[in-house]
Amino acid sequence: MEKIQFKAPHTADLAALRALAPTFLVYVLSFVNVAIYWNNHHHLFGACSKIDGRVMWANLHMLFWLSLVPFCTSWVGEHHLEAVPTAFYGVVLLASAVAFIGLQASLVAMKENAALAAMVDTDIKGKLSLALYAIAIVMAFVNQWVSDVLFVAVAMIWFVPDRRIEKRVASG
Amino acid sequence: MEKIQFKAPHTADLAALRALAPTFLVYVLSFVNVAIYWNNHHHLFGACSKIDGRVMWANLHMLFWLSLVPFCTSWVGEHHLEAVPTAFYGVVLLASAVAFIGLQASLVAMKENAALAAMVDTDIKGKLSLALYAIAIVMAFVNQWVSDVLFVAVAMIWFVPDRRIEKRVASG
Amino acid sequence: MEKIQFKAPHTADLAALRALAPTFLVYVLSFVNVAIYWNNHHHLFGACSKIDGRVMWANLHMLFWLSLVPFCTSWVGEHHLEAVPTAFYGVVLLASAVAFIGLQASLVAMKENAALAAMVDTDIKGKLSLALYAIAIVMAFVNQWVSDVLFVAVAMIWFVPDRRIEKRVASG
Amino acid sequence: MEKIQFKAPHTADLAALRALAPTFLVYVLSFVNVAIYWNNHHHLFGACSKIDGRVMWANLHMLFWLSLVPFCTSWVGEHHLEAVPTAFYGVVLLASAVAFIGLQASLVAMKENAALAAMVDTDIKGKLSLALYAIAIVMAFVNQWVSDVLFVAVAMIWFVPDRRIEKRVASG
């Protein structure tokens, strides 16, 4: 898991803690997002019996985008409610989501993982996430609060690991 | 394990090393605390035969609070014997302890881990830790030395991994 | 995998993002290079049934050079199109490639890994990489663009994991 | 493995690289030392069939001292040939070596690891290292070059993983 940091303030009063609040909230959001990927990644690979070279690259592609989350987190943390950092955070989340769908596709493409193919056929949550992230990126240039609400909304949609896969794995 | 750091001083004499002493002691305390979680985590999962989605989230919840330990460590290290950083350190340790109890509960809730349920039924150390951390948080606004002594006391209580579990695992 | 970082800019406009472009491109190149080593490392060890002390040291030797990639990345990122950082980046990539060939040789030297020996007998890609890196180092003092193109070229050559090994592993 | 870093210089000429030379050499020495522990750790646990709570704490104790290596590395790197940082580096290496011997003892103390006990009975390299580190710490206040030579000498003694253990594991 990528390391997301935030720095100790230079003073030691409650005002220092209050000033950290936006940074802290972005930190929580980023931690939850990375945790969601970690969880779903675990469930996805738990449902697969084999990987190949294409899967490894799809996996590294997803790790690349997730590796940018700490950068976005500190940029948004220091410049909350500003258009470009908010939009960029959305771009990285959108790219990570696209990469996860690609990873899923690379696994489904292997005939050894036929069981997985049946589980992920509709993927409404995946498609909805892409749409909401796209709207959040556009809205970053209008009102950043809307983007922030959308980021939280997508995180809430994904908070529960994919029940379809979990159920099959348990019954398999 | 989260990475707790402290920085090399800018001078090279014994005074520089003496000035680092409080930072170093907080570093040691944080290292021991994280090591305790690591150890108990190892013993807890060693006693379980299965995990589910709820366990994964309970685990990530605990990791979230532990991920704040480096932040607290550097804040307390730079502002030792000050109320807010000391109290905040206590809050993070309290939240980590609550999260560990939650993780334990999520494992016990699975019927596959019935053996574990018998081992952790009273959990006196867990309840005592919560009480001592709560007192430490309040005392941070009165006398930070009391808080510091309580932090060390809880660490000493937990220094030995849970014998109840270890014994059962060994005999199991 | 070594952690390659780049820092959040101090402003929040598109100009800040544009100014980050060279740093970002070096980051991508370094990420891809480390990913290539990770992938090939995975395939190499997947084709081996045993390791010895010499293999462990050859592996740590490769990790040493890869551990310098973040240093080079931030140096080149801040001083792109300058001779010394570009040449140094080439030296680190060349040394990593030499170390990987050494690691391969240490594995092939074990009689338990006879199957691997047949797979890596010619190693045209390895030898070509060394030659291109050597040219890139020299060209860094003439025209850094040539070096950059060569770095990208070698990465593209290696982008696909070694098919010879993958094929044998799959059929084995 | 703990992460030892050194920072990219602010200029881009050969003088910048020359100025980095002492930092780089300390980095290499620290990398080799940590690699030696990693290797020997691997061989030690490879020769053991079981661990207990005491082993886990002995292991974390060793990790604690190794976790201070990056701190020492950057301090010595910035203040080479000065008494206190050189002596402190020696103290951390000495404490790590003592902790490794303690870890070995905790493993040997378990009746399940009787085979290991026979392999580590004399441990001349371990005792010699402690003596040389102790001399290096004292010499840091007289002539730092002597300490540096001793640090390199101990690293060279350990460079090869413990043949006694490796041989037994291979034949076992």
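By letter and in written order, the chains are A, B, C and D; residue numbering begins at 1 in each of them.
One rule holds in what follows: contacts are C-beta pairs under 8 Å (C-beta built on N, C-alpha and C of every residue); 3 or more make two chains touch, one makes a residue touch a chain.
Note that the structure is a prediction, hence the values are computed from the model and not measured.
Asker: Taking each chain's centre as the mean of its C-alpha atoms, give the chain farthest from chain A.
Answerer: D
Asker: Please state whether the interface between chain A and chain B is built from the same residues or different ones, using more than half shared residue numbers as the mark of same.
Answerer: different
Asker: Hey, what angle do you get rotating chain A onto chain C on C-alpha, to the nearest 5 degrees?
Answerer: To bring chain A onto chain C, one rotates by 90 degrees.
Asker: Could you tell me the distance, in whole angstrom, between the mean C-alpha positions of chain B and chain D?
Answerer: 28
Asker: Using mean CA coordinates as chain centres, what's the chain A-chain D distance in Å?
Answerer: 39
Asker: What are the residue numbers in chain A that touch two or more other chains?
Answerer: Those would be 3.
Asker: Counting only chain pairs that touch, give me the topology of the graph as line, ring, star, complete or other.
Answerer: Its topology is that of a ring.
Asker: In their complex, what parts of chain A are in touch with chain B?
Answerer: Residue positions touching the partner: 3-14, 16-17, 28, 31, 35, 38-39, 42-43, 160-161, 166, 170.
Asker: Given the complex with chain D, which residues does chain C contribute to the contact?
Answerer: So the residues of chain C in touch with chain D come to 3, 52-53, 56-57, 60, 63-64, 67, 70-72, 74-75, 78-79, 82-85, 88.
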